[in-house]
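Okay, so chain A shows up in both of these, paired with chain B first and chain C after.
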Partner chain A sequence: MAISSRQQEGFTMPELEYMAQCESIAIVPLYRMDRLELVRGTVGPFRPPQKTEVPLWLAVMLKRTNRCRIVAPSWLSYEHLYKLYKREEEPDSLFTKLPQHYLEIAYMLLTHAEDDVEDSQAIRRLLQDLREVRQSKTQRGFEMLNPTQLQMDNLSAAEINEIRPLFRHSFDMLRQLDALASAADGTQSHQLQQLQQYDDSQPYSELDDAFSPSSYLR
Partner chain B sequence: MDTENMYEGNFGPNPDHHESSTAVPASSQKTQLSDAMEVEDNRSAEEDEEDEEDVMEDDFSMLMRAWTNERSAPDILEYEGATIENLMELVDFQLQKMKSQPALVANILKMDVDRVKYLVRSYLRTRLSKIEQHARHYVNEPTYSERLSQNELDYAKGFIGLEEKHVRKSFLDQLPPHLRTVDEVSGEGLEMVTKPDLDSAVFCRVRSTVGEFQFEASEDPIAMKRNNVFITRYSIICNLLEDGKVELL
Partner chain C sequence: MAKRSYYDIDDILAGQERVPCVLRVDLDGLGSAGSGAASKVHRDARWALPYWMADRLNEEDYVDMEVSPVFSKRANRMYAASPESIQLRAICQHFYQFGLQLGDVVPEIPHVLRSMYMQRIQRVARTAQQGHNVEALDFVQGLDKTEARMLKLCQQAESAVADWQQSKAHTLKKASVVSS
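After this line comes the complex of A and B, so read on.
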């Protein structure tokens, strides 16, 4: 197997983190350093106390060696998350807008740069609450699942990944049932036509119809 | 993507308002325009749209997208040969450059290069796993065999050969001769060659506004705007995916 069965079902947590690490974030460097030429382009120059944008993985790496301070993104503040939480809690509200990788980014920042996030404890709790409200919403969304499409904007990558197995298999199952149901409808009307065309006394073979509820009722 | 700009819209003056997304039909959105925040949101949405056209995607982002698409799509997609070649050239170049750098910089460059290599590896492995699942189908169908790289095609053929040899040795040769085929198609449309299920469910996000889109002939079209997320059948959106209008999640 070239990839594990878990990977075939969706993404693993480390993979989601990997994606999140490619997002850029502002840092305040603590040491001078020339610009760096990375594969994706140039970052820097690092001139304290000027802010500069770097990919998250680099920010975390520099932070761990104490070479920078990470500027927490504006959405990762108590005030903002609280507002979102309140909105999210309202009945019939839709999902609020959050970055694609908000859970992973928040997790990484709270793990590696807790001192750069204000109210980190409160934010932790709030993120947990927010996540739970959103989870219960996705669960309610599950009721609306149908075999054509379901719109669910602003779900983050981790949230989608979480519901993927359940939603995907249910979706596929609904689709198969739908196909069976329409096939059954088809054979029934087909039968009716046949009955009208031919004499009623003509025996009809049960083998003719692939799946029809009537053949099970007899 | 500049996350700060993108989400600033949420700091509107009216905390009670859901600016959030989804199924708000265009008409009702207009009626809400009196709301100051809505105006701001609309503005930032327009900016997003402009951004998207201006920004040239770099090779890494392209491969990243190809990778996530490949992971979620049920069948095999177009091989990103040129992108990988570019990236590997860059990797070699970076490795050369690294030698003359101080330790810290060399460390950073090494990590950067390792991240790229990881992505390339994972991308190729994903494709190999798909090839192993439906090797015969991909080799037989010209639409699919065109999507494979030469190496992948050789791999697929080798895989088919090995598999056939294995089943022949272990039991097929003991069966009556007329039961020995491995790619028979029966009268009822049952085939021995497995195929990917193109109708399976995928999550997709709209990259550039498609407009009204008919998901199913019997249903009303639905507006597909940038950043909308849908769960739907792969077969419905696979053309949009080829055009790069949607990405899988």
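After this line comes the complex of A and C, so read on.
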């Protein structure tokens, strides 16, 4: 099958968005509805003032047809994100904890349910800042490049996807070079060993000859 | 012999790089294959043969293969001195692939390539993130095929999120092969 070079390198953003749609989110339904039997499980029943957990895609669908109000997740608030941003900005800090699909979820909520998110404009700006800070941090992580492993905790799916081609190919190259180097060193040290053995055996060989069992038996 | 990929076109092209050889036998009627016009070539004549051929003939003792000028001692010192300012494309289009193939013939190549790759690929990553600027132009023009492909992949990955947020990701586009 012909797939584009971008798809060979990992996920595309629409694919990641699709995956994020399976995350569950709380909604407040506006109409009464019975429980829904879905392939991945049952959701509902929907009783208007009560919160219900549904997959994100269903939440967006209901929201579009004005049948629910989405409850924004706790991390998607200005205070929380600002705190994370401040922590992220500190020198030598690690990545802060955010949901695996934070970028996709935030994008979808801000596009389809902007009225359910408080301070949506400010949050939009803050998310962009947060992303840039984290990006420059991954950039610094490139200096730790080595052929065995790379550790960056709390990186989200989209961010991993962004650096995937670089690490995939450079791991491959470094691994090949290291294999070659160790092979070259191996033959060298092997030759050296043989040489040393030869040197070691030299002074004893004449002595050994005189007392060797073979000469004794002869 | 390093592990080769049969279907990798870059690997095949890298094997096309010529290496200097010294002939060990007299050859009759093959002068036109080498540099001279005479029909007969004598032993000790110097020939520049593609690596894939030189390697084989070297094994069978028809020629003595010498170290390619791309990886001579002097060149290696140059690479170690300023890895980022070297115009690899001018030296050898498939520099790293060729180096990998030569790796078991010249033992210091893996070390030279490794430190060079580490430094240059970090610059490639930085360049991809900064977007187009004049400063990096010299560097970008001096990239070999491996690095140039990496730069393109990084740039694509970099723009993927922005394209998606501007909902360009869902639209069909003309392939770059067709449009250029």
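Heads up, the rule we're going with is that the second predicted complex is superposed on the first by the 187 of 218 C-alpha atoms of A that agree within 3 Å, B and C clash if a C-alpha of one lies under 4 Å from a C-alpha of the other, contacts with A are read in each partner's own complex, and residues count from 1 in each chain.
By our rule, a contact is a pair of C-beta atoms (placed from the backbone, for glycine too) under 8 Å apart; a residue touches a chain by one contact, two chains touch by 3 or more.
Not measured: the values here are computed from a predicted model.
If you put the two complexes together on chain A, you find that chain B and chain C both fit without a clash. In the superposition on chain A, contact is made by A:Asp153 with chain B only, not with chain C. In the superposition on chain A, A:Ala183 makes contact with chain C only, while chain B stays out of contact range.
In the superposed pair of complexes, A:Gln121 makes contact with neither chain B nor chain C. Using the contact criterion defined above for the overlaid structures, shared-chain residue A:Leu166 touches chain C, although it does not reach chain B. Touch criterion met: A:Leu38 reaches chain B, while chain C stays clear of it. Of the two partner chains placed by superposition, A:Gln50 touches none, neither chain B nor chain C.
A count of residues in chain A touched by chain B and by chain C gives the higher number to B. When the shared chain is aligned, chain B comes close enough to touch A:Pro99, but chain C does not. By the touch criterion stated above, A:Pro14 is placed in contact with chain C alone, chain B being left untouched. Between chain B and chain C, the smallest C-alpha to C-alpha distance in the superposed model amounts to 7 Å.
Taken together, the two complexes place residues 10, 145, 164 of chain A in contact with chain B and also with chain C. Looking at the complex, you find that chain B touches chain A at residues 1-4, 6-11, 15-23, 58, 60-61, 64, 68, 71-72, 87, 90-91, 94, 97, 104-105, 108-109, 111-113, 115-116, 118, 122, 125-126, 128-129, 132, 197, 199-203, 215-216, 219, 222, 227-233, 236, 249. Chain A contributes residues 1-3, 7-8, 10-11, 15, 18-19, 21-26, 33, 36-41, 57-58, 61, 73-75, 80, 83-84, 86-87, 90, 93-99, 145, 147-155, 157, 160, 164, 167-168, 171-172, 175 to its touches with chain B in the complex.
Chain A makes touch with chain C in their complex at residues 5-6, 9-10, 12-14, 17, 103, 107, 135, 139, 142-143, 145, 158, 161-166, 169-170, 173-174, 176-178, 180-181, 183-185, 187-188.
Those residues of chain C that touch chain A in the complex are listed here as 2-3, 96, 100, 103-104, 107-111, 113-114, 117-118, 121-122, 125-126, 129, 146, 149-150, 153-154, 156-158, 160-161, 163-165, 169-170.
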